[in-house]
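Only one structure is covered here, and it is reproduced in the block below.
Going by the order they are written in, the chains are A, B, C and D; count residues from 1 in each one.
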Amino acid sequence: MILELKVPHGADLAALRPVLPVFLTYLLSYVFLGIYWSNHHHLLHATKRVTGGVLWANLHLLFWLSLIPFVTAWMGENGFRPVPTAIYGGVMLLASIAYFILVRVILAAEGASSELAAAIGRDTKGRTSTALYALAVPLSFVECWLALGIYIFVALMWLVPDRRIESRIRAR
Amino acid sequence: MILELKVPHGADLAALRPVLPVFLTYLLSYVFLGIYWSNHHHLLHATKRVTGGVLWANLHLLFWLSLIPFVTAWMGENGFRPVPTAIYGGVMLLASIAYFILVRVILAAEGASSELAAAIGRDTKGRTSTALYALAVPLSFVECWLALGIYIFVALMWLVPDRRIESRIRAR
Amino acid sequence: MILELKVPHGADLAALRPVLPVFLTYLLSYVFLGIYWSNHHHLLHATKRVTGGVLWANLHLLFWLSLIPFVTAWMGENGFRPVPTAIYGGVMLLASIAYFILVRVILAAEGASSELAAAIGRDTKGRTSTALYALAVPLSFVECWLALGIYIFVALMWLVPDRRIESRIRAR
Amino acid sequence: MILELKVPHGADLAALRPVLPVFLTYLLSYVFLGIYWSNHHHLLHATKRVTGGVLWANLHLLFWLSLIPFVTAWMGENGFRPVPTAIYGGVMLLASIAYFILVRVILAAEGASSELAAAIGRDTKGRTSTALYALAVPLSFVECWLALGIYIFVALMWLVPDRRIESRIRAR
């Protein structure tokens, strides 16, 4: 992800003001992609068999993640209006479903009795965030800031990396 | 490959309409490059000797692949007219020939009796798609949608990753 | 980091003149990012345990580093005026603090008695540059060129890669 | 290196004409960077000790290589005029010197009696291309096409990857 901040022409703080919303949406995208990257790192690190299905589930996830900068910018540059906020939630929903699929495909390759299967368990946090995104999409049309609040809540919920996998690996 | 969707200024669904064809061509490029990346991953994973020839055959393939986003966008933004559709097919044809060359160069380095040679065998799928691309180029001037249908057919044919190599590796 | 030099239309040396300040700021960014990359390479090479905390401390550092091209360009294109020069120093300050945090998080994971802890020791050079950046921010409002002089001094101070870690590894 | 071909608006071959010079300079940059990448791959593959000096010599080389797309585009878009052609040669000269320095720094770390030192030997090809670039810079002001001919000659001379190193490794 490349930061596309246009260099302002003025040399005072006022010149930075038009850059600010783009900067904040960059920060938001960065945090979300950081969360996925970090959990993804732990997940693939614990994966021993990379099958064709794993590669494709991974590509599927990366497809939705590659749309995050676009939908974040669209939402941010329009002052958080209903349609962009709902579409943002839709892409986040599809990315979280794609992550869910990736986990299942990896578990299918690793075996249900594997260490990874035990570490992930019921995956309450993953299911909760998928449900919250599904809730935020219609909510965007009622009250945008409620949907945005849900997005920030999910981000905070995940900011702690997936210690379930990590602690299991450490315990070995 | 970077998604270059310009953020629209409006905040309703109508504002997304001009972005739609670019999005669809991005999706098509993504699928084709994903197919190459996935098969490429399996191929190089099974390669034990990286000679200078392998490096260059790889660079040759990457050259044609690097043109795919350009020709896809050109074809998509003009509503699938003859010349762009034919040139799209031409680049896909050259990429498939480059992949064929890469496979041969790797096999030459690995030896005809290698596991990889046995796994690839007669490479019917590779030869078929090269022939289909060669057919699609002149067909573009007769009926664009026929050529486009061939491109989508080849994509679907390859969406299943190269299980030949994978299953051999698994069998070990 | 991508060099975004617009190709000038003229074909003589005069046509290169508007590109020159962008080139010089590119050079400055390149040197600073090279310093971080080189020390970062040595640091992570000596790290044996990548915990979730290390991943996040690393992402935090990369966030500030990703802003360097933007603030360098803003400072350079405005002829080194107070506000951009101070903000440049602020980003460098936050990047150096993020590097400090990364070192601490890695040391916490590795253990105080680890080889890396001994190699880094009191980290005088790191603390000095953090202090110098903190000094340069207010100085920018007094005399820009003094702040710029500090930035160049810190760059020169770090141009020698972190031989502490390197020499310890070599000594093994 | 990203291919920055603007998608033309027309849908016939004539619409491709303005893209052609950019495409050809992209091809030239691709070949030169491919040569460096391939030899670089062989060189670093044979390197056993990555010291701070090696990292910096590598960064130095990458700096000049990162300028190649810019100078190639500048030369190509102006129809091969003296100043851009000379500056192109200058950057190629500095890149070849940087490669020479990288080889020396690696040899210093590996030891004069190392396998790599024996494989590289007198490095006639490297010295020849440095000399040819040094010749092409002033020649650009006499006759551009002569300088361009030298660039293409050097490219062809290097298109065969560095078999010296490769054959030694194979011989083990």
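As a convention for this text, a contact is a pair of C-beta atoms (placed from the backbone, for glycine too) under 8 Å apart; a residue touches a chain by one contact, two chains touch by 3 or more.
Everything numeric in this text was worked out from a predicted model, so none of it was measured.
K.L.:
Using just the Cα atoms, superpose subunit A onto subunit C and tell me the rotation angle to the nearest 5°.
P.N.:
About 90 degrees, rounded to the nearest 5.
K.L.:
Taking each chain's centre as the mean of its C-alpha atoms, give the chain farthest from subunit A.
P.N.:
Greatest centre separation from subunit A goes to chain D.
K.L.:
Same residues or different residues where subunit B meets subunit D? The copies count as same if more than half of the interface numbers are shared.
P.N.:
Under half of the interface numbering overlaps between copies: different.
K.L.:
Calculate how many whole Å lie between the centre of subunit C and the centre of subunit D, each centre taken as the average of the chain's C-alpha atoms.
P.N.:
Result: the chain centres lie 28 Å from each other.
K.L.:
Hey, what residues on subunit A touch two or more of the other chains?
P.N.:
Answer for subunit A, listing residues that touch two or more other chains: 2.
K.L.:
Building nodes from the protein chains and edges from chain pairs that touch, which of line, ring, star, complete or other describes the result?
P.N.:
Topology of touching chains reads as a ring, each chain with two neighbours.
K.L.:
Can you list the subunit A residues touching subunit B in their complex?
P.N.:
2, 51-53, 55-56, 59, 63, 66-67, 69-70, 73-74, 77-79, 81-84, 87
K.L.:
Could you please specify the touching residues of subunit B with respect to subunit A in the complex?
P.N.:
2-3, 5, 7-13, 16, 27, 30, 34, 37-38, 41-42, 159-163, 166
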